[in-house]
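Okay, so chain A shows up in both of these, paired with chain B first and chain C after.
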Partner chain A sequence: MNNAFARAPQRVGVRPPRAPAIYRHGPFTVRVTTPLRRLRALLSWCYGDSEPDAGTVLVHFDLQVRQGPLLRRLFSPQAIFRTDTATPFAPFPRSHAFPLLEWGLNWCVATRAHQFLMLHAGVLERDGYALVLPAVPGSGKSTLTAALALRGWRLLSDEFGLLDWRTGLLMPLPRAIPLKNRSIRVIRDFAPEAELGPVFPKTRKGDVAHLRPPAESRRRQHESAQPAWIVFPRYVRNSPLQLAGLHDSTAFTRLSQNAFNYRLLGATGFDALTQLVRSCRCWSAQFGDLNAMITAIDHLPVPEM
Partner chain B sequence: MSPLLHIIRDPSGVQAFSMDAWNRLLRESRAHYLCARLSCLIEDRGLAPTCPPEVWSDLTAQRFFAEHKQAQVRLELRKLHKALAPRGIPMLLLKGAAYAHAGLRVACGRDFADLDIMVPRAQLEAAETALEAGGWLTETKHRYDQRYYRRWMHELPPLHHRTRSFEVDVHHALLPLTGRLRPDPTLLWAASRRLPDSPYRVLCDEDMLLHSAAQVFQDSEIAGELRALLDLHQLMAELGQREGFWQRLLARAQVLELGRPLHYALRYCHRMLGTPVPAGVLDAAAAHAPGAPVQRLMDLLVPRVLEPRSPGRPPARMAVWLLFVRSHWLRMPPGLLAAHLLRKAFRTGKG
Partner chain C sequence: MGEARWSAVGPMGLHWVSWSTTDAVFHAETGETHLLSEMPSLALRLLQTEALSTEDLCVRCAAASGNTDDGPWRRKMLAVLNSLEDRELIERCPSTTA
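Up next, the complex of A and B:
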């Protein structure tokens, strides 16, 4: 692929439009090749300029988003996601190329990155300590994570709690936060200055708009954090705030059910999770008001370490 | 040359690798699901410290799949033993399960698609009854398929325990009963050995290699069998160190009439992966080579379908098709093959 570009005539210093783009996402390097101009524009809006593909970094995930066959370019155009080894999803409409790429990268990380215990959780950091928000889809995890990221917490990740089981530290993976359906409105009202991308209507998860990861998070995306608090959030409409301490064993069970690769890691996963739960204080939270929840989180006891 | 084949040949080549070369190697290894095994090959040579740390952590992370599967295999074997032992049916482990239990290096990082065991032909029906009572079910519902397995094949239709996802293949012979080559299972049982501190048996060293060779070069379409070729390469490298192995191997191939697949295995492992095979053994096995035209054709086709292809190079469709035809030709006599293919052709998608 690179050779083909090397042969193509080009002005010095100008990358040909279809050249692969390199993005760093925390511990991973991703190479994206796509002819879709809008997708490339959204990528640079979200993650900044790409690095040149100099062949000097390890590429963890080699991704392509292609157009469908010629006929489909004319009628209901498609976007097809491919990794270097697989085409895991059915094609999306071309206008949904960005959410497709983001989900595709999630799939890649979840199926390959077993150098981490991967929790399905939002993770944020303050004063060097990390807050883990593990939750099932629909519990308001992304909304809460986005809101905290807009109120001074450093965003590590909205989707993956990457626990390095060698060190017990959490690694950042600061990417766009996909807000779904009513959450889009909620975050717009919560922080009118929030940088939201275009709304993609009627995806498989409903309407989706992405919150751009804060520049500070991107800049510090190689700084790991010591886990200190685990809160299992659950949004229930009109519910008063309830924050209840959780026993270690309950937290352990819920975390193990909520991880992408807990079973696969076997004893390594068990040890990592045990250490995580022991080093954290755990709560279960139910909330109906975002501001009340954030205040409660801001007042969680400072860890004695 | 493919970077993957280059490194299997000579793992020390990674010391001179640029990051660009690593990226190409990893791309091929991922496509062939060989990352974990590659990491084992590198580790065996003590080369792990020479790899860039981010590469090493990416490669070794893929070993969890193999370890997870091996744990599942151990569990499945215990359950099978519990079902079969009370009826006095011995279990012989084949392929991956045997490599792992015999402590061979080839098992390191090796994934499992299914679990293969062998039971004596005379006790096959008893075994099937016992497994059915124990909760193992077959998903092969079609009557023709059931008959196909029972009358012509060397194994029962694949079994699944109803509470687990693991596929179990129960063999009573190594190769299909309708095939050109039919090594006598009683000879295999007689030479097999019991593993220390374990209720299971495994084939003797020579038979283990011959079985693996026959699987690739007699009973498969060869295309897509790079991992099996690596099995052969690693088995030869490890078992070949054992006293008198090569002499026993040649003699055994005569007895079991598996000279031809052995010849192919030695030839292509040596040619493609640089497997250390003594020159005398290569020559002696060449006595089982086919006629010159067939040999030349195989030399053309086999590397074409096994070598990893650089991205953008189209797949070797013609070679794949020819070897597919060959595999069926070797499996059944022409009349039976024609009837079988006719049936398959007229069958609707639902099987």
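Up next, the complex of A and C:
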């Protein structure tokens, strides 16, 4: 079994079990309160030691994962995700508390972090330049993002392209990459050294295992990057690699449809997206072979600045 | 009833970006983004600065784009104006005569 979490020493118990823990995720500070020991162990494995909650930190997202009612703890135990203002999802099985928390945090970011133009995209960085991989679900975005992160690109995010419209830079949000179904095997085969957590079977998105974000990405989680390349990836089984340049207007249109909050931001979003497209070269990519796709991305032209 | 006059809806709230053959315009009044080809873009840009009659608009657009202001051109322009009106980017000015 290739489960890096199972092999890792467990460090839970440093603090009282129900004490809130503070995690830094790029521009966000998150407070997590949970009595679930295994969830706290997974958080610690994935993101390192949390900070104690001294009550002096400005918290962006105050999250709780609670157990279900007493009766449910005996039969089919549950995990319930709560923010400070909402319980946005129906309960999950308690064994799925970690993916529940991860998806819950995604929900919080997508619905609240409007200080950024938020693209639904993987984002990676090399030599100070960011590669943006906007995609719809099922396009292979997470698998490609994970593979690039395992081949020397710095992971900024698997899910959110956080564009700071005041600077035109992309902000990191390096968190666990949820690999689904066949992608778990693909990444294990691609990089046997990849640090994958336990497989959560039969979640609402199928089987899910999380790739731990690389330590280097976590260490540099406050270093923004200049956007340079936008590639719209699409995995098609057995497809030869097709990489085609995209006209700026096409890229603009696709990005406006891809962003979580483009319409909400109004003219600010329009201007931010315009600047993003102007600062990047854009392609559409169809691939059936991960290595071929990575080689093509590695050879994208260096930006002329 | 006199000839229709047109003006942009919320002309101060139009934000533009231009590419080689296409423009995009964000319309603050409706919160919509539109991709426009050359003719509608030209018409809207003219109407952003001042209200014009259909006649004046056809003449000025033809001159600006190097086209002949003839029957086919007029029919194209009317289609463009109807399309812009459907998208709530332009509107007919209220008549000043009873």
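In this section, the second predicted complex is superposed on the first by the 291 of 305 C-alpha atoms of A that agree within 3 Å, B and C clash if a C-alpha of one lies under 4 Å from a C-alpha of the other, contacts with A are read in each partner's own complex, and residues count from 1 in each chain.
Here is the rule we go by: a contact is a pair of C-beta atoms (placed from the backbone, for glycine too) under 8 Å apart; a residue touches a chain by one contact, two chains touch by 3 or more.
Keep in mind it's a predicted model, so treat the numbers as computed, not measured.
Visitor: Of the partners chain B and chain C, which touch A:247 in the superposed model: first, second, both, neither?
Guide: A:247: touches chain C, not chain B.
Visitor: After the superposition on A, what does A:207 contact: first (chain B), second (chain C), both or neither?
Guide: neither
Visitor: On the A-aligned overlay, A:289 touches which partner chain: chain B = first, chain C = second, or both, or neither?
Guide: Touch partners of A:289: none, neither chain B nor chain C.
Visitor: On chain A, which partner's contacts cover more residues, chain B's or chain C's?
Guide: If we count touched residues of chain A for both partners, the winner is B.
Visitor: One more residue to check, A:223. First (chain B), second (chain C), both or neither?
Guide: So A:223 meets neither chain B nor chain C here.
Visitor: Would you sort A:85 into first (chain B), second (chain C), both or neither based on which partner it touches?
Guide: In the superposition, A:85 contacts chain B only.
Visitor: Could you tell me if A:57 is touching chain B, chain C, both of them or neither one (first, second, both, neither)?
Guide: first
Visitor: Using the superposition on chain A described above, determine whether A:115 touches chain B (first), chain C (second), both, or neither.
Guide: In the superposition, A:115 touches chain B alone.
Visitor: Identify the partner contact of A:263: answer first if only chain B is touched, second if only chain C is, both if each is, neither if none is.
Guide: In the superposed model, A:263 contacts both chain B and chain C.
Visitor: Find the residues of chain A that appear in the contact set with chain B and again in the contact set with chain C.
Guide: Shared contact residues on chain A: 263, 266.
Visitor: Given the complex with chain A, which residues does chain C contribute to the contact?
Guide: Chain C residues touching chain A: 13, 15, 17, 19, 21-22, 24, 26, 28, 31, 33, 35.
Visitor: Would you pull the chain A residues touching chain C in the complex into a rising list?
Guide: 247-249, 252-253, 256, 263, 266-267, 270-271, 274
Visitor: Could you list, by residue number, the parts of chain A that touch chain B in their complex?
Guide: 1, 27, 55-60, 62, 84-85, 112-115, 261, 263-266, 268
Visitor: Can you list the chain B residues touching chain A in their complex?
Guide: Counting only chain B, the residues touching chain A are 18-20, 22-23, 26-27, 30-31, 52, 54-55, 57-58, 60-62, 64-65, 67-68, 71, 311-312.
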